[in-house]
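Each remark here refers to the structure printed beneath this line.
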Amino acid sequence: MIRASIVGGSGYTGGELLRLLLFHPDVEVGQVTSERLAGKFVQNAHPNLRRVSSLKFCSIGDLEPCDALFSCLPHGEGLSQIDLFQGVTERLVDLSSDYRLRRTDDYPRWYGHSHPRPELLDEFVYGIPELHREKIRRARWVAAAGCNATATLLALAPLYRAGIAKQAIVEVKAGSSEGGNRVSEATHHPERSGAVRSYRPTRHRHVAEIMQELGTSDVHFSATSIEMVRGILATCHVFLSQPMDEKALWRLYREHYRDEPFVRIVKERSGIYRYPEPKILAGSNYCDIGFERDPDSNRVVVLSAIDNLMKGAAGQALQCFNIMFGLDETTGLEFPGLHPV
Amino acid sequence: MIRASIVGGSGYTGGELLRLLLFHPDVEVGQVTSERLAGKFVQNAHPNLRRVSSLKFCSIGDLEPCDALFSCLPHGEGLSQIDLFQGVTERLVDLSSDYRLRRTDDYPRWYGHSHPRPELLDEFVYGIPELHREKIRRARWVAAAGCNATATLLALAPLYRAGIAKQAIVEVKAGSSEGGNRVSEATHHPERSGAVRSYRPTRHRHVAEIMQELGTSDVHFSATSIEMVRGILATCHVFLSQPMDEKALWRLYREHYRDEPFVRIVKERSGIYRYPEPKILAGSNYCDIGFERDPDSNRVVVLSAIDNLMKGAAGQALQCFNIMFGLDETTGLEFPGLHPV
Amino acid sequence: MIRASIVGGSGYTGGELLRLLLFHPDVEVGQVTSERLAGKFVQNAHPNLRRVSSLKFCSIGDLEPCDALFSCLPHGEGLSQIDLFQGVTERLVDLSSDYRLRRTDDYPRWYGHSHPRPELLDEFVYGIPELHREKIRRARWVAAAGCNATATLLALAPLYRAGIAKQAIVEVKAGSSEGGNRVSEATHHPERSGAVRSYRPTRHRHVAEIMQELGTSDVHFSATSIEMVRGILATCHVFLSQPMDEKALWRLYREHYRDEPFVRIVKERSGIYRYPEPKILAGSNYCDIGFERDPDSNRVVVLSAIDNLMKGAAGQALQCFNIMFGLDETTGLEFPGLHPV
Amino acid sequence: MIRASIVGGSGYTGGELLRLLLFHPDVEVGQVTSERLAGKFVQNAHPNLRRVSSLKFCSIGDLEPCDALFSCLPHGEGLSQIDLFQGVTERLVDLSSDYRLRRTDDYPRWYGHSHPRPELLDEFVYGIPELHREKIRRARWVAAAGCNATATLLALAPLYRAGIAKQAIVEVKAGSSEGGNRVSEATHHPERSGAVRSYRPTRHRHVAEIMQELGTSDVHFSATSIEMVRGILATCHVFLSQPMDEKALWRLYREHYRDEPFVRIVKERSGIYRYPEPKILAGSNYCDIGFERDPDSNRVVVLSAIDNLMKGAAGQALQCFNIMFGLDETTGLEFPGLHPV
């Protein structure tokens, strides 16, 4: 059994990860930390784990050695704990944005502060298995990718890797769980319910990851918060540098993702689920990808749907973990999602 | 023109009342107070009033004389301001629960504290026009009824006044705006969205008003918060002391409410709107009432739907105001609601 | 491996059952029938099973022998197929309402027609394991209980079995999946979204099951459709024949459900999930039960939450199946639900 | 009083228009036609008009002369009735897409059939007052614009008229009422609720109107159906041909819309309503427009929100009518929308 612990386990990604680990056949959950809830049962924060687990939260100061550590601390808060993490574990998956960008310049530009430990940036592998599986297999430290970045990158990578994408405009529709469990006027139900709120028309931080991984700066991004708790749909308008017919696009995407256990090409002639739909992905680790050519221009619209807490966070982190430990990549991630829901 | 001011105008009922007053042909809005937002434009709290009004909030200390004052302060906060109110206005409509109960004993029992100004309780008229129109016409002070109490009382009054109701079990389904605009974990969107939350299975405070007005203590009440921002549906199971056929029930309700401008008997053979439905009442002052006899027992299910911010708060307050000032009762309250919505 | 087939597998309960069976370690899915979709892949009806299963629907006429058969045909449609079912299987779990009532008189009374095969009624065991586990263990045929009846019966059984309940008024809040996948004006999104629709204020058919199992006719029931796809909350107002304090109630419920793998007593002092909440049960087979005494009367409000497609249909059917085949009752039913969602 | 009638009045836009006309001080509602509901009260289709109107639907064959006729027939169905319309009225506002495009070639290209009465196309004025007010004032026939086109055009017109827009990618988020009241599997609540459905990634028909009015073909459009009944948010990514600073953009939009009664520039530093939000526009005729410059490129994101049934259909049609009859343009359109809702 692999002993795995979670730092910052009272939030939404921590709870989701705990749920997954509790049912993982090769994992024994070590500790789950929360300063706010130390000493309380995990079901206080995660009511779905009632009776499923009798674990209690502990303080980060009480962390014991483990085989793998997942950090679900809020962005920025894990930076000062990195030495502590090194002291207790060999393998770390960090779900925050603290180590995703490789270039030190990118931190002041996108996060407004310089990175306190720039020497560590090269140690982390950017955690999207479909892009960096071999590096993750050999990694000690993984920086799990951002949720919007994951949806966008899986949609765009085939076109950019083939060198045929010229420009992309990405419009993400996202749910309220993306913002975590801190209350605010913005998330007060009478205000947030039914909202179609432009969250970041420009300069969303996930753009930095997207540009880094695609190797281009001609990607434009906006995010809109809609009535939904879990889920992301990325609608990516890509302008190609050369005409490409339907068949060639099919071939390109199929070749890229044929062997991927969690990427499904969704492209049907008819039916209400003929395009990727986040609604039916809640709880699943799939990334569904579809596309449609505009016959009147060189635009292709690529659609990508995920559950932001699964393939966009905890699920992807566990997928990385499975790879790092040589396990079947899908272990503990088989739940296919519900319909209807 | 009647000069009307609002105390505590930054919350949801205050905003709704302001919206109504701004379009009322006989009213000139005097002042709107908010300690938190004093000096700011009202659209800061009420984005739907953008360009509609260029009023600014002022402090309660700057209140000037007016013909009518509406108090939308949170429950309890207006108690200490009552002398100030008396100093600036002749006519007051208080939308809080501070003066609804006539018996001094009821305050410690239901609110946990004794009333600081018991001598004033007799001065206030309980503000449901359909029950106390003549008293309201002559009143200087009106205590507008609670939202759940309004829906329940309008449903039950005909049966209780006719002396044929023995017992009632009332189950209210309510939206999130009922709780006001204070943020909390309970109203955080990922938690509140899609919730079916038992809010008060027993001992809801509005029961006190209901018992007082019906003159019985054999009324049992629970409230459930559901996915909805505005709206209340009260499902009232009434056990009759004597058998009563459909026709007699019809006659009873029709006689009671025939001349009421804001009560509609909704009872159709078919169609998806054959029972009262709060969904189509948002923004309207109607209380829709329907009923269905159980052929197998002496139970009648009476259904009652309102918009909690309108007939359950601001709309009803304005209706009382119209009566107090001898205006047509429906002035400024004509909006019929939207469909679909 | 137990070979199990599904008749009427294109609907919501059929799809949910298929999802469960595909991940059940002791089951091999035989056939799934649908006359409308015969020859098509199951993902046409159940998009969440994309890539999970490559099964195709077949016609009921092509049914082959199997170890267990689940019938998910709409109410009434399976009556004429019962001989065919007998020909292919030893063990049948029928999810329709066709064989739930034991008394032949009840069919004309509640369903408007006499039962065509009254001699079979005694052969069926009413399928709620918490009430009839031993009979189910020995049963060849099980009639899985109705969803609203399941939530209500699990809430009320302890009080009725103890002989201390005098009268119950049950108010069920239900989601739209309860109505199945047939489209109608009533389920058209602009009309159904945000609705608080009195579905059956009186004479709901599930009352017949409830009365039969509780052995009383003094149970009163209404159902309200709310904004939700999956889920039921039953709010049960029970009047006791004798006073009973909190502790005694606790003891009663704990004794009843202590060993039940799928019943959780939910009763906490604080927190937003201190009462049963269907929102966090989607996909899980739990029935969460809580209660609150009214200190001012002999009323107890018992709350009960389930996922109507799981503990209210497919999950419960599989639980019965596990018992019939001597398997661990929780096999294939471990999914704990998501939070937030 | 102006006598106005509605053809095809049982649908959502017809009902919305009827609601507006019933409260319009200068209008007397003549007839409302519906073949399906002829002889029935209008409240059968429009439950919000209960008691508000005692009109009955009549057949189109019974249409009598009127001062103004609104056609709310489904797209294509009014084409054969145009001579009948001419026989009964001087002034027609057609809310369908039948006469919006001026070039005869555009019909086969976008609608798949040639126009049966091409000689009439020049007679119709495209009905967006902010773009064609003077023509509408003199018009006998107006073709009210499409809802998505209205939101998009009001967002983009200032930039295109100033000649500084090079390319635009428009992503519209839309509610379910846009599809009208015909039921289908796509609108079945369990499927449509919570959906994030790519409706038309490419080749949406409203693109034809947008291209026509902007005089460019470099506009790219996709629409996504989200959980919402009413409302549109258009997120328009515009690439400018020259750099433009914030102030210049402000000046441009302010100059364009300063005197427009129904266009509000929404652009605040903070607050959850600092960008246009359709949620608070239900029932109002406003189009709220905001924008944000990307400091890293020549992209401007222009945001535009409307109620699709108001400014996107019935409200805009009435606004056109007010202009055609020399009335104050805002008459009957003063409702500001609700908050919260």
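To keep things simple, chains are lettered A, B, C and D as they appear, and every chain counts its residues starting from 1.
Here, contacts are C-beta pairs under 8 Å (C-beta built on N, C-alpha and C of every residue); 3 or more make two chains touch, one makes a residue touch a chain.
None of these values were measured; they are calculated from a predicted model.
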item	value
Remotest chain, subunit C as reference, centres from CA atoms	D
Result of counting contacting C-beta pairs for C-D and A-C, higher pair	A-C
Interchain centroid distance [CA atoms averaged], subunit B/subunit C, Å	38
Where subunit A and subunit C are represented by their mean Cα positions, the distance between them in whole Å	35
Euclidean distance of C-alpha centroids - subunit C vs subunit D, Å	46
Touching two or more other chains - residue numbers and ranges from subunit A	12, 177, 181, 185, 190, 194, 227, 229, 277, 340-341
Partner subunit B, residues of subunit C touching it in the complex	169, 171, 173, 185-186, 190-191, 194-198, 201-203, 217, 220, 222, 224, 226-228, 231, 233, 235, 237, 272, 275-279, 290, 292-297, 299, 301, 303, 305, 340-341
Complex interface listing, subunit A residues touching subunit C	12, 15-16, 19, 23, 44, 46-52, 177, 181, 229-230, 264, 266, 271, 273, 277, 280, 282-284, 288, 334-341
Touch list for subunit A against partner subunit B, complex	12, 175-177, 181, 183-185, 187-190, 192-194, 227, 229
